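Shown below is the structure under consideration.
Letters A, B, C and D mark the chains in the order given here, with residues in each chain numbered from 1 onward.
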Amino acid sequence: MTRSLPRVLLTGFEPFDGEAVNPSWEAVQAHEGREIAGHRIETLCLPVCFGESLGALRRALRRRPALVLAVGQAGGRAAIGIERVAINVDDARIPDNAGAQPIDCPVIRGAPAAYFARLPIKALRAELVAAGIPAEISHSAGTFVCNHVFFGLMHALRRRPGVRAGFVHVPYSPAQAARHPGAPSLPVERVSAALERMVEVALRCEERRESAGALH
Amino acid sequence: MTRSLPRVLLTGFEPFDGEAVNPSWEAVQAHEGREIAGHRIETLCLPVCFGESLGALRRALRRRPALVLAVGQAGGRAAIGIERVAINVDDARIPDNAGAQPIDCPVIRGAPAAYFARLPIKALRAELVAAGIPAEISHSAGTFVCNHVFFGLMHALRRRPGVRAGFVHVPYSPAQAARHPGAPSLPVERVSAALERMVEVALRCEERRESAGALH
Amino acid sequence: MTRSLPRVLLTGFEPFDGEAVNPSWEAVQAHEGREIAGHRIETLCLPVCFGESLGALRRALRRRPALVLAVGQAGGRAAIGIERVAINVDDARIPDNAGAQPIDCPVIRGAPAAYFARLPIKALRAELVAAGIPAEISHSAGTFVCNHVFFGLMHALRRRPGVRAGFVHVPYSPAQAARHPGAPSLPVERVSAALERMVEVALRCEERRESAGALH
Amino acid sequence: MTRSLPRVLLTGFEPFDGEAVNPSWEAVQAHEGREIAGHRIETLCLPVCFGESLGALRRALRRRPALVLAVGQAGGRAAIGIERVAINVDDARIPDNAGAQPIDCPVIRGAPAAYFARLPIKALRAELVAAGIPAEISHSAGTFVCNHVFFGLMHALRRRPGVRAGFVHVPYSPAQAARHPGAPSLPVERVSAALERMVEVALRCEERRESAGALH
């Protein structure tokens, strides 16, 4: 009888904002069932809906993953963005996929103003850059469903300090960018390779002391 | 005998990063001693130094202002940025004016991860845009001395819930932008006029329910 | 009896693309009738129409100005753009104010592929930067009515080599930029001051040997 | 005995500006000796040197290619840029690889101010976008060695009207962009695939009537 492997949960999102695909889910689903660094990868496609996305995520967290990496699309960004902080506010510039458009509501009433990612964010960036994949630390995950899921994730894990978790934004795919003149892109297979390296580094968990600061 | 007016504290910063001036202080100092909306304006020029800046700010807070608007330079931005949230991290890409360069340290050990501005940020934006002054909500004040001061300010006021307070980032002046090819600018006198309107709106304090959300 | 002064022609444009004003004309008209460097300023507001704009310009050229500076709006640019070259093509992304939308047509059939500005463009840039006004050399005036007028102007003057002439693009005014989130701006009075300096430098006409090259 | 195929010449550039590779040559060299649309592909790596680059190009033109596509790196651009026009000026912001830095010199003394590409530029863009590859029409190839080669190419072919020729700018590769924070990228294999499609379309040579105009 084999002992089951510890788990890593990767989540992506369904398409939104008129797109036919979402590169976060394209990149994540390639890893379903794989073994990386002695862990079994489980994947989940989240709806781009306030509330409902968090319900699906919480159900998946019951399976007690050792690491959770949530991934979302950031159209207009050129690099993989490793998010530093989730804030407790929903402020939707466009309706979500269920038509909801909360403005200046807390993600979770009574929860703290913010949570930091529990990831070695500098080590993750260094690994990707060394591998030739554009990557940057981001200080805002926005105020739409990505930040909502990121905040809800960290809140759900607030009493499980041993679980690593965070959020990563990924650029449009080239095919998406082709329809958005001027927009940068990164192919899904590069993003997918980046996710594998990020899982490895996040599980090893050594942080690097180097600046990724923004002046403003 | 005249009753003294309630106070508003406006802070700017000294120059940094090789600049000869800091448009935040240029715009702020024009208001020293003025009366706006029944309040007396007091101004303060903060050093661009971790730690020392907060010491100077705390001393000024003893004079019990009814509103505190801290202002800083954001070279590269095109609009006045009304900051939504301060985070509890110092991560300096360049040394401050005293040579300190903290990396991934808390602003205040043991304090919460973040504080939200206590300003009607949507009303402030609406007022400026209506007055023909470019303005936007910003979801990150960076991780340098501006965010440091913003976080320290909100922490210092955490038990004075009646005091309005927040942070505003301003673009380069045209003269600064002339030496940074491609950089946007806003004249100091426009910024100064914007600060007057912001003081009025912040004291009136009616928030507007309208989105300023960022998708990422 | 007084001898009349030699003339300088400044042209701006009427509003287009849904704007209520055009900062090029706002900045130009402030100089109507003024004397700068021993020349009388004449101003002209051109329609944003292919063809018709050139007809109006050619009529004004009959008054034999010594210098012609045509000015147009470049929404999205942060600096005053001193154009280096006009190309012989109309390619309209949007209809002009008369509804015409030529695609890949020559401005003037049988004319050369391009004309260079007859202005000391580096000296103009140096003057503005020294005066604290953001300025840059631009290598494309686009393919809309601005380039159309610039090309037609240089073609009309092809046999008058002593006449200085060129084109300058100016950013949105702050009030325009306030309605275009993220767009840079420059106040009309700064643009107006810049035009006065440019007239002086263009009439003095000493070029500077310094790079303004673009790698691509 | 086999009849030899008509030729297509693809040129790329050696690395410059401190880069270890040049994606233009990486993408071009993959096609050396291949047959595309009944033509034999010949490739050439040009030095990033004013003058010398044109000498090497002219020697290759003696082999009478039916189509010449010159390709260069445009760090900072997000899409494949199909250049519309080459201008007769060298203005180098940085020295070339031989240390030369011409400022405001003609590429070829006595030659016209500009040449247009002899390519169906709109059809090329439409093909790439349909294939999911970001592409755009560009109205300036800059004033460095890329424009120099583009202008020299069109001048050399001015009496061979049947030969198709033009210039294409390509973004950084992801590995390059990883070292230029914020810079967009496109993988070399996508660029290489794009070049194959562009050769096919350029040889078929049907232009499309659709706008690619820039307002400024």
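What to note about this one:
Note that a residue touches a chain if its C-beta (ideal position, glycine included) is under 8 Å from a C-beta of that chain, and two chains touch if they have at least 3 such contacts.
Chains and their UniProt names: A, B, C, D = Pyrrolidone-carboxylate peptidase.
Since the model is a prediction, treat every value here as computed from it, not as a measurement.
In this assembly, B is the chain whose CA centroid lies farthest from the centroid of subunit D. For this pair, subunit A with subunit D, the centres built from the Cα atoms lie 38 Å apart. Computed from the mean C-alpha positions, the centre of subunit A lies at a distance of 48 Å from the centre of subunit C.
We define each chain's centre as the mean of its Cα atoms; on that basis subunit A and subunit B are separated by 30 Å.
If the chains shown are joined wherever they touch, the resulting network closes on itself as one ring, and no chain has more or fewer than two partners. Which chains touch which is summed up as A-B, A-D, B-C, C-D.
Residue ranges on subunit B touching subunit A, taken from their complex, read 17, 72-77, 81, 84-85, 87, 89-94, 101, 103-104, 112-116, 122, 139-144, 146, 169, 207, 209-216. Residue ranges of subunit A in contact with subunit D, taken from their complex: 78-79, 128-129, 131-136, 173-175, 177-179, 181-187, 190.
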